[in-house]
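My structure is below; once you've seen it, I'll send some questions.
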Amino acid sequence: MFLRADDLLNADELRAVVESARSAKYVDGKRSNPHNPTKLSEIGDPADPACQKAAQIALHALQRNEQFKNFVFPRRIAVPSFARYGMGMKYGAHTDVAFLPVGQQPLRSDVSCTIFISDPASYEGGELAIMLGSEAVRIKGDAGTAIFYPSTTVHEVLPVRSGERLVIITFIESMIPDQLQRELLYSLGEVRALEGLRIDWRNRVQLEYVIANLQRMWSR
Amino acid sequence: MFLRADDLLNADELRAVVESARSAKYVDGKRSNPHNPTKLSEIGDPADPACQKAAQIALHALQRNEQFKNFVFPRRIAVPSFARYGMGMKYGAHTDVAFLPVGQQPLRSDVSCTIFISDPASYEGGELAIMLGSEAVRIKGDAGTAIFYPSTTVHEVLPVRSGERLVIITFIESMIPDQLQRELLYSLGEVRALEGLRIDWRNRVQLEYVIANLQRMWSR
Amino acid sequence: MFLRADDLLNADELRAVVESARSAKYVDGKRSNPHNPTKLSEIGDPADPACQKAAQIALHALQRNEQFKNFVFPRRIAVPSFARYGMGMKYGAHTDVAFLPVGQQPLRSDVSCTIFISDPASYEGGELAIMLGSEAVRIKGDAGTAIFYPSTTVHEVLPVRSGERLVIITFIESMIPDQLQRELLYSLGEVRALEGLRIDWRNRVQLEYVIANLQRMWSR
Amino acid sequence: MFLRADDLLNADELRAVVESARSAKYVDGKRSNPHNPTKLSEIGDPADPACQKAAQIALHALQRNEQFKNFVFPRRIAVPSFARYGMGMKYGAHTDVAFLPVGQQPLRSDVSCTIFISDPASYEGGELAIMLGSEAVRIKGDAGTAIFYPSTTVHEVLPVRSGERLVIITFIESMIPDQLQRELLYSLGEVRALEGLRIDWRNRVQLEYVIANLQRMWSR
Amino acid sequence: MFLRADDLLNADELRAVVESARSAKYVDGKRSNPHNPTKLSEIGDPADPACQKAAQIALHALQRNEQFKNFVFPRRIAVPSFARYGMGMKYGAHTDVAFLPVGQQPLRSDVSCTIFISDPASYEGGELAIMLGSEAVRIKGDAGTAIFYPSTTVHEVLPVRSGERLVIITFIESMIPDQLQRELLYSLGEVRALEGLRIDWRNRVQLEYVIANLQRMWSR
Amino acid sequence: MFLRADDLLNADELRAVVESARSAKYVDGKRSNPHNPTKLSEIGDPADPACQKAAQIALHALQRNEQFKNFVFPRRIAVPSFARYGMGMKYGAHTDVAFLPVGQQPLRSDVSCTIFISDPASYEGGELAIMLGSEAVRIKGDAGTAIFYPSTTVHEVLPVRSGERLVIITFIESMIPDQLQRELLYSLGEVRALEGLRIDWRNRVQLEYVIANLQRMWSR
């Protein structure tokens, strides 16, 4: 299941990120996945101050976003990183690793996030394609928009045919690692939020009872 | 969790069952649990026509009862049986067996049911006591009333101090064997039933989506 | 995850089904889901011989299809049924019920199947849209093609704007009810099939070992 | 399942807590659950030294209590807090939240604990009532007594009709979050403890083997 | 975990089986596993009356054996079959299939069984070797003895270097498919059986309570 | 399942450990398991510098060993400790505790490890015997060799009949606590490693997809 969060970055943040991107230092994308010959991209150098500034902005935007919190049930967020695809670059079909070596204990990647920075009109190709067996979902978001999708999928970035695709990517460990369980809890939370004022108090207590117990049962 | 279904048997059914009980043949309760020295009771002989008639009445009453179906999610119901406790009789603390040898494949006992036949004013003692650690729930129902409780508990029938306690007992295999999961589905079903007319259609679809998927996930 | 099986029905079967559809008797689609006000469609009368003939053809086509068997791990298949959407008809967002009352014990619907009968050029609208949160997958298949998708999703049939959309639908209980687990087993099966001749024998034994144990662990 | 631990607080501790309660600062109980209109109570201000002193005493009493440790399998204990119900006050039916924002990572509330401070003869009403469907367990403990019950239940504090009900409450994250699994491990531990000297050594090894493996399997 | 049941077949049964084996018709062992080039053995023809007679004897011996029932928790047993390994024959490392096409619904193979018919002194080699990573357990049983081992393992029959190895094999679907869970229940059952007379009645009730609930929880 | 890692300690490390052992201080083995009357052995004093030095060497050897990492999926390793069995000493059948009090949060013992230090020719008896029901695996490794086996088993050290058995033991918490699940992941990892260069790229992506998702699903 997907969540597209329009305007995750506000105009000021987007401007600051674009500026950081200009002065940022990039390294070969293979650094974070050396064994994948289909990864042809550049990623921001995590030691570079401009990259760090952009990471902070993205992190802050995530932490204040209610949609994201209701949908992902975030426990930990990996440091966001620039990924840049010039003409002809791509990232072939792959699956995100289960555990990222972050801090003292590995971060389990449950949900993947791409924040689009480039104006979609400025480049051709470069869609994020999530494979769902014989079908696929292709996404090319507006600048400042974020897409959240399950890290459990096989997905790819299609070759950029012109222009440059600049995005920020990150990975989130959720309180609720199973995708379907996370979706069910999200749905119940939405019902509670939307019916909050109309629903009979006793029924609201029942809904709270179910939600709290599913959270206990499914968190890991 | 408990469900007390008042008037599970209607007046006609109760009268017919009481009449059957009078002519019924009883055997030593140890027949169905020979290793338990604390079981001092009599049970109806399953081969006796009067017992079979009472069983049919009880079965039919269960199958039409909506409360029971919403709460227990029944898949199979064991043949109901009379249990009779004369003065001084009791059934010490025990747990119901997991599998009853019923038909071609064993019936898993998830929910236990006692239908009270005697007028509670006609006997002293004989409460059904369900142990919950340091606390207990004691139940003595009106004639025709049924109590449904998890077969997973340790429970007992306290000694009858005067009169006679006549009940019908049975065991149900549920679609949803785990007690807490069954309770959560029951609660969501109640919310759907009670809010059905007021709730926004989109939210109702979300609720259906959650309920259907929990049923798939938890049935066994 | 989706499987699109092109030519599930061969030319002869498609012709026979189209002919059956002409003489078939249809009833209001609400018959199989009376509480959903957004269901505006017609379904084939299960008692009608023409409908029964089409059901047999579809069932037979499914049972011989290797792609379907590898992807769905079918245990039981519900009787296939015509669904017909004339102009303006639709089936709003809904989720398929968890259990269908089929035969002696309910059939758990794990995978839903639509076999397209009408030529897609002959009607406008009428796409099957599977909701995946903020994104959706829309499918309009060639005549004779089948699409398999998880029954666990919220999905809809968009309004038909011209012509008539005729499909056959059915529901399958899988040996492997969990969607992700089913996908992982399907992927391992594909690796085994595709690498079968090249892979070292010892590694093939390891792969068989993993597949057999996952089947044991995940079947329900 | 319930555990009633008599004299969790010894006479000295009880006296010290009562004294702390007198000088303690209280705030509106809604502070910890602002959305529940049925919560009419006062809670101790966590920043107040008298409250902190009482919390330390309660924590220390819990940490030395063997019954509590055998029954709850505690991993983390939330800071205990005073709750005070004057005349007419109550806390309507509710369920405890699944995760409390304690320290660096949220504390999952698996078991709830009420330590009774007021003499039960000094107030009318104010029972803790734990709902179990159609039945309820009502508890009003002696001063110094603690009751432990599953946080997963819907429960309430009935209106105080006279006097004042003062309690200390806390929430515990268990090594074994599932209630039934926790109960089974507790029961096996009791058998091991009580039969320890009589049981054949080989059987004791088998019991240890089962207990250790269930702990591994069920801890989360 | 393994169970070696000495004298599963008594002397009369063993004699009758040996006699059946003499007149039995054998077919290429590849018939039941055509894709495994390492399977060089012969199996009894299931349509042959002598094979059917031996199968009946083995089945009957299994059904009366308490050790087997306590250890395996059998639900269904596949028709036993002769397997014969002449000089040079073997069955290379393999894993038993998860589901056997037996009757109306597939039989899940949880436990594998070999009943040794040949006198172990009459043939060299031919040990059943169960691989446990870097170690292996090798078994060559006396005539009439049965070995039960998890179907989940990789195992092999080593080449026969002289004489003939005749065995009867079968596969059992257990009520408790997970190996460790089955072992824990078996251990608790042994404790209950061995301590039965000495154990305090209350502790016995606790043990029954645990066993019954684990059976409910783990059966599938 | 077992892993025997030959030469876990290289010659220099083995020499240094042997030297440490000579000057090390030992205490009664009952210190770490006071309730087991069958434990007759000595363990290294954790406060002794010679013991600490040997522990560091063993830890370092484990951390660089690829076989160990691929097989155990280690998260945390307990401080290794000397165990010394003089003539007549033994450690009767027992099961390792589920949780060791290590650091701030208990370490779950999933895999047990014995590193053999004495030359096996220098002592008689003293085999590590892992019970698997009616069969057992007996292990006596070369100096410097390590054996890894599930902590979930009942196992023993047989009486030393002559000489001295010196080993280093430790316990590992795995990312994948369930034994069978760990074995399946190990097997898939081996297939990936061994077929890595020959396998079709698409199939390799499928294998990565399965491995990453099983790691997410099974880690705890």
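Going by the order they are written in, the chains are A, B, C, D, E and F; count residues from 1 in each one.
Everything below uses one rule, namely that a contact is a pair of C-beta atoms (placed from the backbone, for glycine too) under 8 Å apart; a residue touches a chain by one contact, two chains touch by 3 or more.
In this text, all values refer to a predicted model and were calculated from it rather than measured experimentally.
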Need the graph distance between subunit D and subunit E over the touch network, please. 1
I need the common contact partners of subunit D and subunit F, sorted by label. A, E
Interface repeat test, A-C vs B-D, D-E or D-F, passes over-half contact pair overlap for B-D
Between the pairs A-B and C-E, the one where more C-beta pairs touch: A-B
Subunit E to subunit F, mean C-alpha position gap in Å, rounds to 31
Let me have the rounded angstrom distance from the C-alpha centre of subunit B over to the C-alpha centre of subunit F, please. 51
Roughly how far is subunit B from subunit E, going centre to centre by Cα mean, in whole Å? 40
Identify all positions of subunit B at which a residue touches two or more other chains, and write them in rising order. 152, 178, 180, 202, 206, 209, 213, 217, 220
Counting only chain pairs that touch, give me the topology of the graph as line, ring, star, complete or other. other
Give every touching pair of chains, nothing left out. A-B, A-C, A-D, A-F, B-C, B-D, B-E, C-E, C-F, D-E, D-F, E-F
Provide the residue numbers of subunit A that touch subunit B in the complex, in ascending order. 180, 184, 187-188, 190-191, 194-195, 198-200, 202-203, 206-207, 209-210, 213-214, 217
Listed in rising order, the residues of subunit F that touch subunit A in the complex are 75, 175, 201-202, 205-206, 208-209, 211-213, 215-217, 219-220
If you look only at subunit E, which of its residues touch subunit F in the complex? 1-4, 71, 132-135, 137, 139, 152, 178-180, 183
Looking at the complex, which residues from subunit F come into contact with subunit D? 37-38, 93-99, 105, 108-110, 151-152, 154, 177-178, 220
